[in-house]
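Report on the structure given below.
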Amino acid sequence: MTETEHLCDIAVIGLGVMGRNLALNLNDRGYKVVAGDAFPDVVVSARAELEPTVTVVDTPIDVLKHLKAPRTMLVMIKAGDPVDALIETFRPHLQPGDILIDGGNSHYHDTERRQALLEADGVRFVGLGVSGGEEGARHGPALMAGGDPDAVAAVSAPLAAIAAKAGDGAPCFGTFGPGGAGHFVKMAHNGIEYLVMQALAECYLLLSGPAGLEREAMAETFRRWDETAASSYLLEITAVVVDEVDTDTGRPLVEMIKDSAHHKGTGRWTVEAGLQYGVAVPGIATAFLARALSSRRAPHAASLRRLPPAGDAALIADDL
Amino acid sequence: MTETEHLCDIAVIGLGVMGRNLALNLNDRGYKVVAGDAFPDVVVSARAELEPTVTVVDTPIDVLKHLKAPRTMLVMIKAGDPVDALIETFRPHLQPGDILIDGGNSHYHDTERRQALLEADGVRFVGLGVSGGEEGARHGPALMAGGDPDAVAAVSAPLAAIAAKAGDGAPCFGTFGPGGAGHFVKMAHNGIEYLVMQALAECYLLLSGPAGLEREAMAETFRRWDETAASSYLLEITAVVVDEVDTDTGRPLVEMIKDSAHHKGTGRWTVEAGLQYGVAVPGIATAFLARALSSRRAPHAASLRRLPPAGDAALIADDL
Amino acid sequence: MTETEHLCDIAVIGLGVMGRNLALNLNDRGYKVVAGDAFPDVVVSARAELEPTVTVVDTPIDVLKHLKAPRTMLVMIKAGDPVDALIETFRPHLQPGDILIDGGNSHYHDTERRQALLEADGVRFVGLGVSGGEEGARHGPALMAGGDPDAVAAVSAPLAAIAAKAGDGAPCFGTFGPGGAGHFVKMAHNGIEYLVMQALAECYLLLSGPAGLEREAMAETFRRWDETAASSYLLEITAVVVDEVDTDTGRPLVEMIKDSAHHKGTGRWTVEAGLQYGVAVPGIATAFLARALSSRRAPHAASLRRLPPAGDAALIADDL
Amino acid sequence: MTETEHLCDIAVIGLGVMGRNLALNLNDRGYKVVAGDAFPDVVVSARAELEPTVTVVDTPIDVLKHLKAPRTMLVMIKAGDPVDALIETFRPHLQPGDILIDGGNSHYHDTERRQALLEADGVRFVGLGVSGGEEGARHGPALMAGGDPDAVAAVSAPLAAIAAKAGDGAPCFGTFGPGGAGHFVKMAHNGIEYLVMQALAECYLLLSGPAGLEREAMAETFRRWDETAASSYLLEITAVVVDEVDTDTGRPLVEMIKDSAHHKGTGRWTVEAGLQYGVAVPGIATAFLARALSSRRAPHAASLRRLPPAGDAALIADDL
């Protein structure tokens, strides 16, 4: 028995719920998995959940010695600086042919920059859009890969294996050409979610205001609509959310939630891509800017006063 | 055997495909149906399809003598003037307690006006939003009723019977208070469709332009997205549509379709309702106006010329 | 000396500041003016200001006996129901050929309805857009007339006389065809003001937030911009407004004003006209809906709570 | 007489019309100017226009030996790569204390990057927004400076001298703190122009379509509006433009101009800044995206066909 027989097929780095579920999914499909995380407490809890099925090592860099060549690592960590930091840590230890797959919500520009950086070392970098949430990660995500065709081909087997399967059995794994195409496609995808949420918000306002629907009628209406051509996953879960009651006050839960929306970037990036390439994206821009406006609302000081009617600035226009 | 035993439970007026399917749906649920249409050729073809299950009479007004009191009529004709014309024809023949249900895409303002008009005669008028298309009409539409509570209650049994059933068996039949509430809710519902279509159009442009996706990859991407939180009925059918090939040219079908969108009113009415009631509907407004812009594009005369660079009006702003 | 010699050339009905100033302007141009108002206290104060130059009568209807035939009346009262009420009061007393000019901010649809109503009596109704504010009314407004060509021609002399004069001496008095064209043009004009104000608001946010400009630098910047191609009347007065200090707090006045904008209709009507005629007006729609959103902001109850991070609805989209 | 007496106070690099006019403006204010350009033919024509008042040298780098220390250079060349190229050429020859002023339409991000680069050499870099066009450059531009406070102070005298003077005699020269603040402010300024132009375009459509105004009435209306609160410089010149007649066809010139608008960047940057800093700029975004949409319109192939009515995709939504 040689040492190679003990080596793993693939590593998962970053053991939040997405990483853990993808590790288990890979294991289910017959891939031998090693996993690591930079945070000791995450390692402890991941070990409790994953071992002995998946080998959990103490630090990310430790996965390297457990992997068959070419070493393939699926990175599931927070997008942005942490990815660059991880690359800097790994670079001195990587060999030509090794493959890093970034499965986070990275900007496609960053993906292209990182590909160029690692290409100089002969290391292959694949940008992978992962969609479907925690459940998807565990039992079948939608995967969108972009990068060097050779690298994408090299990781197609495990990615196709863990992906969701369409009605005809085809894996929900798409390859979108070189560069950051996988992350670009995943990003554009989120633009749809922004607009559907904007649509639901606007309809909520129309139904609660002018139509005067109360909580139960609102929920019922959204459930009905989900049987029509307006049907969508987000409408389905919205019907559930608007039906919730705040246990403390007995009021509808949505009235108790601060109406200030945040974002993590993909919607903004989609609009920026539209601006950069001259693609008209007025709907996604409108939805993003509505969020920006909502999150800006500073609480007004108690001293904030309304000018007397004679100075009502808001009415001036119609008098001019 | 009295004459009353032969009388029908409900009439369907307007025998286009929606009306015919609703008549058959009512018949399936045990309601005895009489049906009529103002157009003789429609009567002929409806008779061939519906009789003997459904009694088809020669003109709309003829349904009256076949109905039990209070006479209940479901009107499925083109929204707008035809509904007013039909009401004018029927008014002299209606009796207090009779019920007219308008199942067309009527404006909620019109519904409220007609209710007030008929109320003076003691006739009850229900505005009914019907969603689900032809298939829904035949096997289970989503129904949204508004009007006098007593009138809505009187027609709830047949409407609940023919409506689609949710997972828990509850009928997709909602009642939304007095006036035009049913048509208002149906109208707002269409606002979602406008925004989802706008989202799909914007993503199509991002994927076909900057991301360079061809027909098959585009369709594949949309199919993948339908496995994620962006999933919607319109995304599902869009994945099918973008995969179609134009048989004459071999080009993707969507490239061969004139990019000029029309509308039949509900999207515009939704924005107008937002304007009237001061509800911010920037997303639906953006989607509607994008359609307005697309349909406006006049074909430019061949003589249309571009000014020489020195007069490039479009660039002036950045020089100022 | 016959009685006719004592009769007036034109009446002004409605003696708010606009009506009083137009009456004085007409008098300056050699027209003999009679004026009335429905509110006794307004009559008292108007009498003090206008007599003996202008004859002030006790009620609107009293102007009739002071006018030469055909009797011409410029109505400067609040748009909407008051105009209809005044017409109902006057109708029994008007004679064929009499002319009513509505100089208020009426909807062009209303103007066309009123024209049709009065046409049956042979009475002529002109819809007049008046722009330029109080100063303009006194020394030269911009006037936009629409209505029956014969009626518009009959009132062109006094209207051209009181209108502002362009650089070449031509009067700022335009005639825009039949129906409500004058009010339509005035309405569209206000759309510009909505968008310029939206532009100024957006720039204010960019300069006060990211660029960190304080009150004085902001005012200085706006003054500088008014020397460029971005120059406009509204920019000019905004430069003054943003420089104001709240005397109670010493803070910039604009920070003390509730950021909730109202409107009196013309902006909304402009968007509705765009929707009705299929004209793309996304900019004016955006500006109007931004106002709608600002005025909707209900003060949140003190009990309003923010969900704990785990339930941060706003971030869900980017995780999906 | 020492050599220093012959040295110049300031250099202008880039002798397009803006650079030439600023050079003459500086000379008028008592500054001794040396000027250069990278293109020999530009040097020839500039020499003909500017000498002997202004010393014109053969290449940009030649200005260095004609300048007093600290050497101050106003760069008026095309924004983007040319500025970086010029900096690379100059860097080896610059000394601590030298000052480069970039008066082009540079992105404020680029300005901040260049400041950081040159700071390492002790060279000071000022980002200067210049507004007012050719006329302004010659007789008084509006100037917006940002950069190291010491550097900005060092160039305030000549910049204040050449700037336009407000009514109270104050120079239209603003300093906006460190970094790219000057270019940021100039950029935001252009957002106003985008929105005013969008407003004018939307009003043009409302007046030419629904209101049916022809060329002369349109021009007249815009001239009238310029006497009201909607007054702006862009409205004033639009009134002139819409009155022009195409000499070949006799049609209004605006109908002959291809309705496809381009841009040079500042509008896009303004929206991007809004996205980046979370500032709601829906109006400017709408205006920019309307341009993007207009410029995208590909001429449709002659073979482009409209689907038969049965397949009218555009109408599907209202039927669902």
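Think of it as A, B, C and D in the order they're written, each chain with its own count starting at 1.
Definition applied: a contact is a pair of C-beta atoms (placed from the backbone, for glycine too) under 8 Å apart; a residue touches a chain by one contact, two chains touch by 3 or more.
Small disclaimer: the values here were computed from a predicted structure and weren't measured.
Of all residue numbers seen at the subunit C-subunit D contact, over half occur in both copies; the interface is built from largely matching residues. On a Cα centroid basis, the chain most remote from subunit A in this structure is C. Distance between chain centres (mean CA atoms), subunit B to subunit D: 50 Å.
Averaged C-alpha coordinates give centres for subunit A and subunit C that are 50 Å from one another.
Centre-to-centre separation of subunit C and subunit D, using mean CA positions: 35 Å.
Subunit A and subunit D, compared by their mean Cα positions, are separated by 39 Å. Contacts with at least two other chains are made by residues 131-133, 190, 193-194, 228-230, 274, 276, 279-282, 286, 290, 293, 295, 317, 320 of subunit D. By the touch criterion given at the top, residues 228-230, 268, 271-272, 274-276, 278-282, 285-286, 288-290, 292-293, 295-296, 317, 320 of subunit B touch subunit C in their complex.
Residue ranges on subunit A touching subunit B, taken from their complex, read 131-133, 136, 140, 142, 144, 164, 166, 172-174, 176-177, 181, 184-185, 188-196, 198-200, 202-203, 205-207, 209-213, 217, 220-221, 223-225, 227-235, 270, 273-274, 276-277, 279-284, 286-287, 290.
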